[in-house]
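Letters are used for the chains, namely A, B, C and D, taken in the order the chains are written, and counting of residues starts over at 1 for each.
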Amino acid sequence: MINKIVPSAEEAVSDIHDGAVLLLGGFINCGFADELLAAIHARGLRNLTAVSNNPSVGEGGMVKLLSDGRISKLICSYSRKEGTTLIEDLCDSGLLTLEIVPQGTLAERVRCNGAGIPGFYTRTGVGTPLAEGKEHRDFDGETYIFEPAIKADFALVRALRGDRWGNLVYDKAARNFNPVMAMSRAVTIAQVDHIVEAGDIDPEHVITPGIFVQRVVPTRAPARVMASAATAVQTSAPVS
Amino acid sequence: MQQLTRQQIAWRIAQDIPDGSYVNLGSGMPLMVSDYVPAGREIVFHAENGLLGIGPRQTAESKDMNLINAGNIPVTLLPGGAFFHHADSFVMVRGGHLDYSVLGAYQVAENGDLANWDLPQGRKAPAVGGAMDLAVGAKHVFVMMEYFAKDGSAKIVPRCSLPLTGKGCVTTIYTDIAVLDLIDGKVWVREIIEGITLQSLQAETDVQLRISPALTLLSAPASS
Amino acid sequence: MINKIVPSAEEAVSDIHDGAVLLLGGFINCGFADELLAAIHARGLRNLTAVSNNPSVGEGGMVKLLSDGRISKLICSYSRKEGTTLIEDLCDSGLLTLEIVPQGTLAERVRCNGAGIPGFYTRTGVGTPLAEGKEHRDFDGETYIFEPAIKADFALVRALRGDRWGNLVYDKAARNFNPVMAMSRAVTIAQVDHIVEAGDIDPEHVITPGIFVQRVVPTRAPARVMASAATAVQTSAPVS
Amino acid sequence: MQQLTRQQIAWRIAQDIPDGSYVNLGSGMPLMVSDYVPAGREIVFHAENGLLGIGPRQTAESKDMNLINAGNIPVTLLPGGAFFHHADSFVMVRGGHLDYSVLGAYQVAENGDLANWDLPQGRKAPAVGGAMDLAVGAKHVFVMMEYFAKDGSAKIVPRCSLPLTGKGCVTTIYTDIAVLDLIDGKVWVREIIEGITLQSLQAETDVQLRISPALTLLSAPASS
């Protein structure tokens, strides 16, 4: 019988090793697997590479990993953490290396790995500082750059519902990078707010089929996705 | 001479987006464009984080923070909207499925080059987000900005000195003073506010400005 | 107001031109836009290129286009039509050119076009006759071949439900290639069994978001997906 | 000497697929493997046309032809199953997410090369389907075939003369006479039916057969 449900976050992350490359679902502060990240922090792991659109907002989850120097490389599209100089300080002190990747390129580089594709050509970034040192190639008179697949050891995703087969569905915009990270060739660990019976998710509605998910962990604390207007921090860049 | 407010620039841009368009609004100023969709038009707003059919901002005191746009603003979804993941979201962007992208800018060059990220001064960590994909992917790239930078120099330049977001991608620039179309490396003034002459604008701009055959006054309702 | 609903198949295909490249959703005989194909046939169009996993089974839809010599090129993974020599006869008489593409490569080549990607590298086909003449390149010690994106003029898909915004959901295995073809840069025309109000499809359940669909046409004849055991023809290859 | 029937080969293969595996069965003979999953094991069967969790064939007189496997057989879906589109289906295949692929073959070479398409005789139009993706993508590629071709020659050959489906991809061959593992370009006989000697099998095979340290008799229940 297939049962991918692991009772605790601690158990689910117990084989993650120092130096591991971690794919993190989530966008801004929405759809991060915060309890898995906390369990990784509690294990004292170091020298981690995080592939995440942005450092999550707030103080929990990956931010604690960052501020405690556990993450030595961050591959992201948006490295700023509004209201703090955390990222800048870490970079200045040599504790953190940044690789900045356009958001769509980040998603597609992760998908490539999951799809058995070594990388892809894109017009995104051509002529910008992010194209420097990359292979350039013309197709039909347009210039593209080659962006390699991102390989990883573990993917940490957050879902609304999941079953023992690993099928997942998400909550609104908390879907974001999660299905893409789950699809990678890494060991995918899903923090799931509601565990349901196999078959409870209509097969037409499954977003991440169980084949992509190795472990399902119930969320311990109830979802806190409601925020008062005051705490709904805007993290917009000043332009763009 | 009455410069347009940011709200008025947003209003002006909204007039140029036809019924049924698929549009991505960049964070910050461009998001205001959605407040000025003319009555009778249905515009489908896209957000990078997997939304199509974005409606008004949430108004309840308690916000659902799992329903945000790409600028972390709690929004609603209209009937006909859809959620999807980031890879599919950027199939839409990179694949040329969006009709319009509205972006802010620090500089736009006369050849359409766009610089809207990574202020070189200060020690801010880099942030590019989805702007590079939007710059190359959308069928029309509208820039929304003030005509002059804080130091008084025109932000329309012969060549960008700031790091580029995209090459030759900008199609139209909407500013507080003028609307300018970029066509084949030339800048055409399509609209200009009352009380300023093309000559005086040209005198403060290092790029050659051409008069569009359809030149009209740039104005917007005061209430916008 | 957005209203992509076009009342008739005839009207929906009226701008398809001789020599057009058509992407067809459908697999074996399941999920083909048969009424759109019939309307194309009725228009007398010629010299069409069809991109389709296989010639559909039965005598309707694309088979009539094939047998009447309207399709001059077929890009597919499986060109046989069991029980007939239709394809062989057309090829022998020079009326039809075949391009055989592995099934997964076919899907990804179409997705590439929709995603702004000029083609992709795959291990699929390396060392086989289908790799001949293609660019070979090694990544991490593995050999890959380059497969170019497939450009097309129109995509003809079949869906279960659709709304005036063009959102689509499918019926079970009739989903197959349809969302992939819809996602292309072509003009996508969807034959839809049930037109519903915008909002009737839960935004969490939308499979093809409306941005990918330009026209929605109601199916005229009721769906005939039930077959008696006798007519459930097997089209399996003898091996594989 | 009692050769295995096709049903018995299918039974034998099913014994080697562990609980919880993700498995694609090729059309034709390999589909029989799903009839012999040992009690207590849950195997998730995948079909190229966008199904995971395939259950038994439909038994009603009227079949739902929108619920077919990749061989056009009307099937059912188990609780926990899912539908998805072809691009995602081949992310699973090409991306290495399937544990086992079971394919038929015309020839297998000792280096693991597989030839299972495009019979050169006759004038059949070419058909490759998903076999090339399955050959390179699945973690284990099992071949299910008769040991000898109709002309009496062994189908395990030093080098395939027929067009290849995949290079060096086959991991194990299940036949009516023997089970053979392909490891680093060498063929190891792991099981052989009673009443036939390795010597006599070798005499009819152009490839060097090695005796696996774990060699046992190949047998299957008569009822399978």
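Keep in mind that, in the parts below, a contact is a pair of C-beta atoms (placed from the backbone, for glycine too) under 8 Å apart; a residue touches a chain by one contact, two chains touch by 3 or more.
Treat the numbers as computed from the prediction; the structure is a model and nothing was measured.
Common neighbours of chain B and chain D, listed by label, are A, C. A comparison of the B-C and A-B interfaces places the larger number of contacting C-beta pairs at A-B.
For the pair chain A and chain D, the distance between C-alpha centroids works out to 37 Å.
Inter-chain centre distance (chain A to chain B, centres taken as mean C-alpha positions): 29 Å.
As a whole-number value, the distance joining the C-alpha centres of chain A and chain C reads 33 Å.
Residues of chain D in contact with two or more other chains: 77, 83-84, 90, 94, 136-137. Across the assembly, chain A contributes 108, 111, 115-117, 122-123, 170, 172, 203-204 as residues in contact with two or more other chains. Within the complex formed with chain C, the chain A residues making contact are 108, 115-123, 139-140, 142, 144, 169-170, 172, 203-205.
In the complex of the two chains, the chain B residues touching chain C come out as 19-20, 22, 40, 42, 44, 46, 52-53, 77-84, 88, 90-92, 94-98, 136-137. Interface of chain B with chain A (complex): residues 26-29, 31, 47-51, 61-74, 77, 83-87, 89-90, 93-94, 103-106, 113, 116-118, 123-133, 135-137, 145, 163-167. For chain C in complex with chain D, the residues that touch the partner chain are 27-31, 53, 57, 77-81, 85, 87-88, 91-92, 98, 100-108, 110-111, 122-130, 170-180, 207, 225-229, 232-240. Considering their complex, residues 1-2, 111, 113-117, 163-165, 167, 183, 185, 197-199, 203-204, 206, 209-212 of chain A touch chain D.
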